[in-house]
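See the structures that follow.
Next come two complexes, and both contain chain A; in the first it sits with chain B, in the second with chain C.
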Partner chain A sequence: MAARVSSLRRPAAPTSRTQLAIALLMLAALAPLPTLGLEIYWQGVVITSLYYAMLATNWNLLAGYTGLFSLAPAGFAMLGAYVTALLWTYAGVSPLIGIPSGAIVCAVVGLIIGILTLRLSGPYLALTTLALAEILRVIALNSFDITRGEIGLEVPALFSHQSSYYYMFIVAVGCLLIGLHWLLGKPCGLYLRAIRNDETGARARGVRTVFWKVFAFTISSGFCGLAGALFAHYVIIVSPSIGHLLVTGLVMSMVVLGGMGTLLGPLVGALLVNVSSEYLRAAGDYQHIVFPIIVIVFARFCREGLVGRIAMMFNARAGVNAARGSRTTEVLASS
Partner chain B sequence: MSDLIVVEDLTKRFGSLVAVDGVSFTIGEGELVGFLGPNGSGKTTVLNMMSGLLRPDAGRISLSGANVGGMTADRIARAGMIRMFQLTRIYPEMTVIENLLTAGFALGLDKRQATERADELLADLKILAYREAFASDLSGGQQKLLEFACCFMKAPKIALLDEPFAAIHPTMRQTLADYVRGTNAAGQAYILVSHDMPIVIDLCPRAICLAAGSVLADGPTDEVLREPAVIEAYLGPNHS
Partner chain C sequence: MLSSMLVSGLITGTFYALMALGLTMIFGVLRIVNFAHGEFYMIGGFAYVLLYHSLGVPIVAALPAAVVAGAALGWVVERLLIRPVYAEMGARQQGRDEYAIIVTFALSILLIAAMTKIVGPWSLQGPRLIDGPPLLIAGIRVSPHQLAALGIALFFLLGTLYLLNYSLWGRQIRAVAQNRSAAAVMGVDVGKVSTIVFATAGGLAALAGALLSNMISPSPDVGAFPAIKSYVIIVLGGLGSPLGALIGGLLLGVIENLGAIYISFSYRDTYGLVLLVVILLVRPNGLFGEMRREV
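And now, the complex of A and B:
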């Protein structure tokens, strides 16, 4: 009876209507702010937060739900951004085609990397994605004739008003979360979580683990590419800094803070980290110290993150006592 | 009786250790076979190879006449050979019902079929009260029952059970044994690895005894247990 009983901590709900509802309410609450006089500068901060929320949500699909550790969310965002930028610069292709192309190229690259590495378990994905992200960034940096290196490529704006981007990112994050909630409610959601919980057990009970891991990685890569391509036409200049590894680190800290493996966590984490880093910036360049410390503290003392911790508090109040009660009787009976 | 499982010359080495050394046996439809042998005799390793989790160094395994040698573990499971682990492998951060549904969906059941079957199993194994609990909150024994139930979401051709009775309470053990006996009477085939002699004698008409990676004896359980070589393997050479 000793096995595994140690883990009495209640895992957080991976998704629920409540979490989706709260996320959509948060987005709905953000929506009217520009008309209520939110400054352009702060609109920009929210837009960037929502862009990070897209990356964080996609990284969470891998790390939080499937147990895959990718180091390339920023790398894929940069790839998606460059696809639309290069198409525009060298073929005059409209962003309306360039943006989905960025997503598709990233999905295809994700599919290939997934097929090559996800048959193996272990650190291969982390190492391969790390290499990929850095190689892509170095290529973008050094192919000056094509990418203009650090200076970057100019791309056309989609809208003339900042607030239009603001609404676009709200809609994008909303759609992403609705889609993810839908996906997690399908058998696929169970398979992904089963893989994270016990991949060998899942395989032995018939789950096509390789297929579903590749599937998750492909989707996640594609949507990171989409986020990057959308962001490209907001910042209007596509440079290698989009793909910097520090961005991936920031995205990871958002997920850890908000709650790994919860639907709402990445959005909460992205807003908290990005908005508060604006304040930290005012106080000096402390953000590079503060966020790693927060991540370490959360990883040690609050592994379920903010959303996870709150969900646990609600779970703990509901319906657990029944199970706990009969467990006590069983222990008594056998002693 | 037609052959459900044919294992020929199965061999596995770990470095210089020959964990399984030319094991052969056949199992017919609907048979319930006990797998005996001292610790480290290779029982789990044989099961690992049969379920596709470990690649044999040599030998063949077939299920209903089809070679399962090069198949992935998940394909073997979907082909109807499913196994339960000696050290429980459930999904701790998922609820009991989610654990069962995952197994059901993976084997091709739809939502209604899977839910009905899961509730039926939970009732049969007397853990229905834990339906919505997280698997990590079950006791060790209850976790074993859950993993056991996962194997039967869709009746397999054969279930390979590795020590299902170890470390579980006598009443639960009885519940499990009753389930095995009942389903076997209805034609379910099993390989049952166990150190629990009374249960093996009670449940299994036939037993295979492994020692140091080889089949020491294979036949009716009472005869296998009377074999001097088996007694020696279990109790040591100086036993008289």
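And now, the complex of A and C:
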């Protein structure tokens, strides 16, 4: 029983600077790899991982820090990608305007869905986002005249070299993590975590829970749209497959594996899942079987995830030292 | 034209209600949404089609076998994966919701991927229950197969509602849905009730999948839309309300069919989302939902 109770607790310092520092060090370590001769193929794997890391970080802001469950991170990424693709195809709008527009459209849709569903307590957000994601995908598939269905829309590339995309995504993930760390250090970060831990209690203490839940969902949707729009200009083709529920499943497994409610978890999870996906795909497309099983096992037995578990081990050691210290002072006081 | 569309909407709605009824019962008893509900539907469809085509099992046996397969899957899922939810029942709602959403969603992807691995990504058409030329009933053309499927669906739908209202098990299920701890104090085995509800829900969804396998050929991802529609229906009818699931299912079937003629056929799957948004705006507790009180 004691084990179960402790597994429910979050690691003590979820926004610790250490985690941000480790994440930035990891990104810094990835940065020089193209110049050191990382193959184009593996550069692509890292770029995809970083794109997923953006989605996973945004999903983590909701699930890990605010306790909201959206099933549309991939849906919003697809929406963001289609906004920039449609603007380019039908109005000739440059991607420099198209990409931010994608983010803004997603944020507005997120705001509307958030206002509709987050006033209510219950599973309404998950139900509505699931319906939204699938229905957006079907609209994109069926509106052949506008979106060319499964074939997809072509969009222009931003750079001529793949390594430029590589640096762009490293910078994007770095900025996102720094921004999230900054946000969570503000009072707003405390409100979000208060909502996650005990929504009724937070409301009783005067936190405007609905406002902050809608706020978190809106920015998370916006950034998912941004990630999708950026990724669209890397893959150069925008098709409904960007928004498939399997993508949402992968995002979820990255966060659960890495650690919900930890700053570093989604990045670690995204790299682990994507790199191992390469091998599982080569072995015969087992990734969508293996990762759901890992997710179920982690959700059952290790809900704090890899990073959370390691953080707990460090915290426990620190706790032991603190206890030893206090005993020393007790001994000193009694003597 | 209008009356025939109304009738065909009610027919579709009956199958929707069959799925939504199980989903809303699970929500009533466990306060969680089963995001793998569409995969129960898919398993039922495949069990029926594969038993008939690959093993040559006659239809009379394949249909019950499909229901049993769905119920068995529901039983196993509840026993292995949903049990930990009770440990956190009442203690910490956040942890329970988190666990339930993550696990059922992962299960849904796992079942789709596993089925794709086993039978391939193609769709397989199911056999008809009865062969024969279409009948004209009150100016509406229906095939004998559709009539038989509708009859079986209605029988199970009304049978489940009857049992829910008048049998001892039904009373226990409603007691647990109303107040879990009070029901436990009164001697109801809440764990057993939850298992039975999950198995029933799995069986009903599998039945829908098998009955519709002739009209909508099962493929590994066939369950996505029936599931999304049942999510819309349970919100429309009120989360946890069996009567709401029935009325909501029929209503969605009719609205989709009317929308298909008067607005656009190819976007008929999207009307559910529009309906969902309208309910959330106008009557978030659904048609038959009760205000949830918080303590």
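Keep this in mind: the second predicted complex is superposed on the first by the 307 of 335 C-alpha atoms of A that agree within 3 Å, B and C clash if a C-alpha of one lies under 4 Å from a C-alpha of the other, contacts with A are read in each partner's own complex, and residues count from 1 in each chain.
The criterion applied here is as follows: contacts are C-beta pairs under 8 Å (C-beta built on N, C-alpha and C of every residue); 3 or more make two chains touch, one makes a residue touch a chain.
Keep in mind the model is a prediction, meaning the values are calculated, not measured.
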Practice task
Look at A:P187 in the shared chain and tell me whether it touches chain B only, chain C only, both, or neither; answer first, second, both or neither.
Solution key: first
Exercise for the section: Considering only touches as defined above, state whether A:R208 meets chain B (first), chain C (second), both or neither. Expected result: first
Exercise for the section: May I ask you to decide whether A:R17 touches chain B, chain C, both, or neither, giving the answer as first, second, both or neither? Expected result: neither
Practice task
Name the contact category of A:T200: first (chain B only), second (chain C only), both, or neither.
Solution key: both
Practice task
Go through the superposed model and pick first if A:I289 touches only chain B, second if only chain C, both, or neither.
Solution key: second
Practice task
With the two complexes superposed on chain A, say which partner A:P123 touches: chain B (first), chain C (second), both, or neither.
Solution key: second
Exercise for the section: Could you look at A:H161 and tell me whether it touches chain B, chain C, both or neither (first, second, both, neither)? Expected result: neither
Exercise for the section: Using the touch definition from the top, say if A:A131 reaches chain B (first), chain C (second), both or neither. Expected result: second
Practice task
For A:R281, select first, second, both or neither according to whether it touches chain B, chain C, the two together, or no partner.
Solution key: neither
Completion exercise
Going through chain A, the residues touched by chain B and also by chain C turn out to be 4, 8, 196-198, 200
Practice task
Would you tell me which residues of chain A are touching chain C in their complex?
Solution key: 4, 8, 63, 67, 69, 71, 116-117, 119-124, 126-128, 130-132, 134-135, 138-139, 142, 196-200, 245-246, 248-249, 252-253, 256, 260, 285-286, 288-289, 291-293, 295-296, 299-300, 303
Completion exercise
Contacts from chain C onto chain A in the complex sit at residues 32-33, 35, 81, 84, 87-88, 92, 94-95, 97-99, 101-103, 105-107, 109-110, 112-114, 116-117, 224-225, 228, 231-232, 235, 239, 266-267, 269-270, 272-273, 276-277, 280-281, 284, 292, 294
Fill in the blank from the handout: Note: in the complex, chain B contacts chain A through residues 51-53, 72-74, 77-78, 82-83, 85, 87-94, 98, 101-103, 105-107, 129-130, 132-134, 136-141, 143, 147, 150-151, 167-169
Practice task
Mind listing the chain A positions that touch chain B in their complex?
Solution key: 1-5, 7-11, 187, 190-191, 193-194, 196-198, 200-210, 261, 319-320, 322-324, 326-327, 330-331, 333-334
